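Order as written gives the chain letters A, B, C and D; numbering starts at 1 within each chain.
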Amino acid sequence: MNSLGRIFRISIFGESHGPGVGVVIDGCPAGIPLVVDDFLPDIARRKPGARGTTPRQEADLPIIQSGVFQQHTTGSPITIWFENQNIRSADYEKQRDVPRPGHADFVARVKYGGYEDYRGGGHFSGRLTLPLVAAGVIAKKILQSGDSPVDIQARILEIGGETDLDKGLEKAIAAKDSIGGIVECTATGLPIGLGEPFFDSVESLLAHAVFSIPAVKGIEFGAGFRAARMFGSEHNDALIDTLGKTATNHAGGVVGGITNGNPLIFRVVVKPTSSTPKTQHTLNLRTGEIEPFQVKGRHDLCIALRVPVVLEAVTAIVLADLMLIAQQRPTRYPGV
Amino acid sequence: MNSLGRIFRISIFGESHGPGVGVVIDGCPAGIPLVVDDFLPDIARRKPGARGTTPRQEADLPIIQSGVFQQHTTGSPITIWFENQNIRSADYEKQRDVPRPGHADFVARVKYGGYEDYRGGGHFSGRLTLPLVAAGVIAKKILQSGDSPVDIQARILEIGGETDLDKGLEKAIAAKDSIGGIVECTATGLPIGLGEPFFDSVESLLAHAVFSIPAVKGIEFGAGFRAARMFGSEHNDALIDTLGKTATNHAGGVVGGITNGNPLIFRVVVKPTSSTPKTQHTLNLRTGEIEPFQVKGRHDLCIALRVPVVLEAVTAIVLADLMLIAQQRPTRYPGV
Amino acid sequence: MNSLGRIFRISIFGESHGPGVGVVIDGCPAGIPLVVDDFLPDIARRKPGARGTTPRQEADLPIIQSGVFQQHTTGSPITIWFENQNIRSADYEKQRDVPRPGHADFVARVKYGGYEDYRGGGHFSGRLTLPLVAAGVIAKKILQSGDSPVDIQARILEIGGETDLDKGLEKAIAAKDSIGGIVECTATGLPIGLGEPFFDSVESLLAHAVFSIPAVKGIEFGAGFRAARMFGSEHNDALIDTLGKTATNHAGGVVGGITNGNPLIFRVVVKPTSSTPKTQHTLNLRTGEIEPFQVKGRHDLCIALRVPVVLEAVTAIVLADLMLIAQQRPTRYPGV
Amino acid sequence: MNSLGRIFRISIFGESHGPGVGVVIDGCPAGIPLVVDDFLPDIARRKPGARGTTPRQEADLPIIQSGVFQQHTTGSPITIWFENQNIRSADYEKQRDVPRPGHADFVARVKYGGYEDYRGGGHFSGRLTLPLVAAGVIAKKILQSGDSPVDIQARILEIGGETDLDKGLEKAIAAKDSIGGIVECTATGLPIGLGEPFFDSVESLLAHAVFSIPAVKGIEFGAGFRAARMFGSEHNDALIDTLGKTATNHAGGVVGGITNGNPLIFRVVVKPTSSTPKTQHTLNLRTGEIEPFQVKGRHDLCIALRVPVVLEAVTAIVLADLMLIAQQRPTRYPGV
C-alpha cells in the first residue's frame, strides 16, 4: 500500500515523469502553523546540485491543495503537490525493452503486466521521496510541539568506505562508478514508552518506513550487527537513574521494542546508485540477447548523499504517529 | 498493535506466566488440511533443551480452539492456544523493584503505569514466539499449496563470533556470559512481483515482522551492509534470462521492494541473551541505589539458537499474506 | 475481517458447535479494574431462558486467558474465552444438504467451498454475540471512566408490530411462527466531537458494527426514515446553548457525522428469527428437489428480545474506540 | 479517517472553498482503460442545474494527476483532482459566529478548536462527493471487467413524501422549504459469496460507506424496517435453484452478511437539505443570543435529487473492494 501510519497517516502518489508527485496526510492535529516556506529548508537539503548528485533541476515548490486555512492546519487531510517540470522522457522510452540493472524496471513490468509507467522508474522513482520530505516537515512540527521537543538528526557516516566524504567521491569519480554509504539517524527528547507491542515495536515501525526509501538494504539499532560478537554483560545497558538513563546505549534507545528515554540511534546502508556511469550488461527482452548497457538520463553518483533528510522525514513520520497514539496511555512513571 | 498482515492476519496474546499464550489467524483460506500433529515439528525446533538453551520445559501442545473442522481450515478465524504449565512466578515477583538489565521491565512499568504483568517479561516474553511458530506452520502450508511451492530455511551463521557453534558456546560457558549471533533466512520458489509499493515493499514488511522477534537488533538483505563499500557496477545483478534470473544476487532477491524471482536472502543479528549468568548492576527503583544484580529463573545462554524456526515463521507469515494479495493482480509476464 | 476498531480493537473467533467462542481485545488502556464477575450481569441479559427465547442453556462463564493481572487490565491484549458445553451437533449434521431458509448455510457453503463448519451456523451463529457482549463490558468501563461518564441503554420498541411485548409473543405463539422487532439505543454523556470525517462518521462506524449483529436489516438515526417526509425547517435542530444543546433532536445527536453533545439515538430493525417453527420449503442440494423443511434444534421465537444487550455492546465498543482516538485532538471549545 | 477500503482503497481530501477536492485510489489493478471522458457522464449526473438543485456551477473537470499512463491504469495510486472555481467565500465568512442549523459548523468548530475551514462547510461539504463519484467510475469499471458484469442502478423512490417528483418539488416551492427523500440502489450480477464475516458483512461495509454521504440518516436492506412486522415464514426467502436463486428477495440479496446471488437491494433516507430558504433560529456564539437566521449562498432545495449517482459510486467502491478480496478464496460451488 502507499499509505503509512495509524493515526498520523500519509499516502503518497505520483511518478517521476508524470504530472507530478504528492502526499495526502490524514490525522494531523488542527492548529499547527503551516506555510509554504516551512517546507523549503528540508526540500533544499534533498535537492540535487551538490557534487556527486544528479544535475536534474526541479523547482520543487510545494503546493498546498487542502487541509490548511489561514496558515494553520485544520484537522482535515493535508495535500501537498509538486509538479514535475524538467522531464526528458525520451531518455527512457528508448530503453523500454532493456531493463536497467539494479532498477525495478523488470519486476514492475511483470507485476503490472506491462502497464507500468516505465519512464524514469515511474512510481518507483526516488522522486517519490520529495513528498516524503514534505510530510516529514509536518511530522517534525508535531514532535516539536509537545512538552519535550524531539530533535531528529541524520548524517552520513561514510560513502564508498570513506568517512571523509570528498575522498569517497574521488574514488567514485576515479573509478567512473557509483558508490554506496551508511547513514546514521539520532532522535533525542523522546519520552519513555513509545512503541506498541507485539508487532508495532519502534524498531518494526521504523524499519518498515525506512525500507521504503529506495536503495536502503539494511538497518541496525544501537550496537546493531556488532551485538553478535558481544557478551550479554557487555551489551546490556545498566540503568542509572529513575528517568531511565543508562550508562551505555548499545540498545540504541529501544528495549523490548519501546523507547527507554535514551537517544534513539540507528544506521542504514544505502546501496550504490543503480545508475552507474560504467558500462554494464543486461538482457534485451525483445531480442533475448544479453547486450552492453549504458545508462541514459541524469543521475546521482552517490544517492546516499541525499538520504539524510529523507531518513529524518520517515523517522519523524513514524515517531509523530507513535506520539499521537501514546497520548491515550498513561505515560507518567507512577512512582517507586 | 498485536496484529500483523492485511489479508492473512495474525493476532497474538498471552503472557509468560499467565494462563497461556495464543494466536488468532484471520483470512486463512478454507480447505487447508490441518491437524495438531502438523505443528509439532516446528514447535520441537523452537523448544529449549539443547545445549545453551533454557532448561524450562513446557509441553507446548497446541489446542485448536476454532476455525478447523473435519481436519481442514474452514475460512473462519483459527485460534491456537498453548497453556502455560511450568511456571515459577516467585522467581520474578521478588525482583519487581529491580529492573533486569536489557529487558523491558523498566519501560513496560512506565508505559503501562505499573499495571503490566511483570512476571517473566509478561507479554514481552520470548514465549510469545510460540504462537508465532504455530501461525508460521499454517503460513508455510499456504506457501506450499500454490503452483510453485515456496521453501523457507533459516540457519545460524555464527554465535559469539564463531561459525563453529560448539566453539561459540564454549566461549560463553568459559566466560560465564551470554552470547549473540547472526541468523540467515532464505526463501526459494517465490514468484516475481510480491511486494506492494510504496510502503509495503517485501523488505519493509519482512523487517517489520522480524523486529517483533525479541532480541533482533538489525536486518540486511542480500549484500546488506557490505553494499556500502561496493561500486554500483559490482552490486547490480545482471539479468540473464526472461524469467528474471540474475548472474549474482547482491539484491537478496528484492529489487524496488519487489521479489525478482531469485532467492530471497536476508540476515538478522540477535543480541546476546539479556539474562546473562554474570553479575551485573542495575538501579533499585525503591531505594534509588545502584546494586549488584544476579539473574533468577531459567534462561538461554544464546537465544539465537532458538531463532531460526521463529524467523522462518514470521517470514512465512509475511510471504503468505503477500501471495494472497498478489492473486488480485496480473502476475504473468505479458511477453516481449 | 473478524476485527473491528482502530485503537480499541476487538477480534472474535469461534463457532456455535466447536470448542467455544472468544474475543481478543487489543488497545485497552492499562489499569482498568476487571474481574470475571464484571461480565456476569450483561451475559445474563443476553442469556436465553425468558419466554420466546431458545431453551439451549449454556453456563457462559467467561475465562480470562490474557491481559489481566492482579484484577486490572495490563495494556496487553485481553482474551476472553467461553467454552461451548451444551452441544447437540447431530441436529445439524443430518440437514447438511438442505440449507435452512433465511440462514447463511447456502452462501457459506459456496463461499468456503464446502469446508465451512455447518453445525448450528458455525461462525455465523448468534452465539458469536456472546464474546461481543464481553467486549462491550470492557468498553463500557472505558466510557464510564472519563470526566463525563457515558451511559448506553438499549430497549425494545416493538415486536411483531406490538409495543406490548407480551401481546407480540402471543401473536407469534398463536401463528406458530417467529417474529421480528425494533430496538432503540440511546447514549448520553458523550462529548461533542466524536467521529472522524470523512468515512468514519459516528453513523458509519455504528452502522458498520451494528450490521454485524445477526438478523439486523436496517438502522436509522434520530428521525431516520421519517426525515424523508419532513421539511428542512422542521428537521433542523436549533442550537440553544453554547454547550451544543438543541431544542429538538431529529439528528439523533450526530451532525456532519460528529456527535453534537445531545443524546445519540438510533433504531435497528431485527428480522424475524430465521428458524421458525412453521414448515417451510427449501432446495435439497443433493436431490435438486424442493422439499418441505422443518427446523431442528432449539431456537428463539423472537431473537429481537436478546438484541438490546448486544446492541449496547457494539455501541460501547465503537464509542470507546472513538473516545480513545479523540484524546489526540483538542476537544475543548475554544471560546466564542 | 478519510480512507475507505482494504484492497481497493480510496482517500479523499479538499474543501468546498479551498483550492479544490480530490481522491487518491490505491490498489486499483493495472491495465484498466481510463481517460478523462470516462468520468464525464457520472459527473454530469451529479451536477446541479436541474430544477430543485443549487445554481452553483462548476466546470468539474477531472485532472488525472497520477496512476494513468498511455490511457490505462498502471497499478500505482490514481489521483483525480478537481479545482474549485466558482467560489463566493464572503457569503460564509460573515456568518462565522452563527452556526447554520443542521450543518456541521458548530461541531467542527469544537472538534478542531476553531481551526476548521468553515467556508461552505469546508471538508464537510457535499462537494466532497465529487471525488467519490470519480472513484465510483473506476470501481464500476472493475465490476464490469469480470466474467459476470455487475450493474448498479440507484433511483429516487420519493421526495417530500411524493413518488411523483415534480409534485414533491411543488410542495417544497410552495412551502418555501427544503425537502428530503428516499433513494433505492440495486446491484445485479454479483457472485455468491461477497462479504467477510464477522464484521465486514456486505451490509456493514455498504452502510459504513453510505453514511459518509452527507444527509443520509438511515439505511435498510431488502424488506428493511418492514421485517419488524413480518413472520419468519414470510420473510425467509426460499431457495429455488442451485445457483442460489430465491423465490422472494426480502433479504435484499444478503444472507449472513454475504451476497446470495440475488439482486442486492437497499434504500437510504436523505434528510431535507439543511440550508432551507425558510427563516430559522440559531445561537449567535459571540453574543450568546438566539437570533433569526437566513441562509446565504446557493443551495439545493432537495439534495436527494443528486444522491443517486453518489450512492452508486460508494456502492461500486465497496463492491469492487470485496470482489478483489474474494479472488483469494474458492468461490466455485463445489457440487452437491
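We take it that a contact is a pair of C-beta atoms (placed from the backbone, for glycine too) under 8 Å apart; a residue touches a chain by one contact, two chains touch by 3 or more.
Keep in mind that this is a model prediction, so the values were computed, not measured.
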B-D or B-C, whichever has more C-beta pairs in contact: B-C
With centres defined as the mean of C-alpha atoms, identify the chain lying farthest from subunit C. A
CA centroids of subunit B and subunit D: separation to the nearest Å works out as 43
Distance between subunit B and subunit C based on Cα centroids, please, to the nearest Å. 37
Two or more other chains in contact with one residue: find those residues in subunit A. 1-3, 6, 12, 30-31, 75-76, 111-113, 123, 197, 329-330
Write out the stretch or stretches of subunit C touching subunit D in their complex. 1-4, 6, 12, 97, 99, 101-104, 106-114, 121, 123-124, 128, 158-161, 172, 175, 177-182, 192-193, 196-201, 203-205, 207-212, 214, 216-225, 227-242, 244, 250-252, 255-260, 269-276, 278, 280-283, 285-286, 288, 290, 304, 329-334, 336
With touch defined as at the start, can you tell me which subunit B residues reach subunit C in the complex? 1-3, 9, 11-15, 18-22, 24, 26-27, 30-31, 63-67, 69, 72-79, 81, 111-113, 115-117, 119, 122-123
Quick check: in the complex, which residue numbers of subunit C touch subunit A? 6-7, 29-31, 75-76, 197, 324-325, 327-330
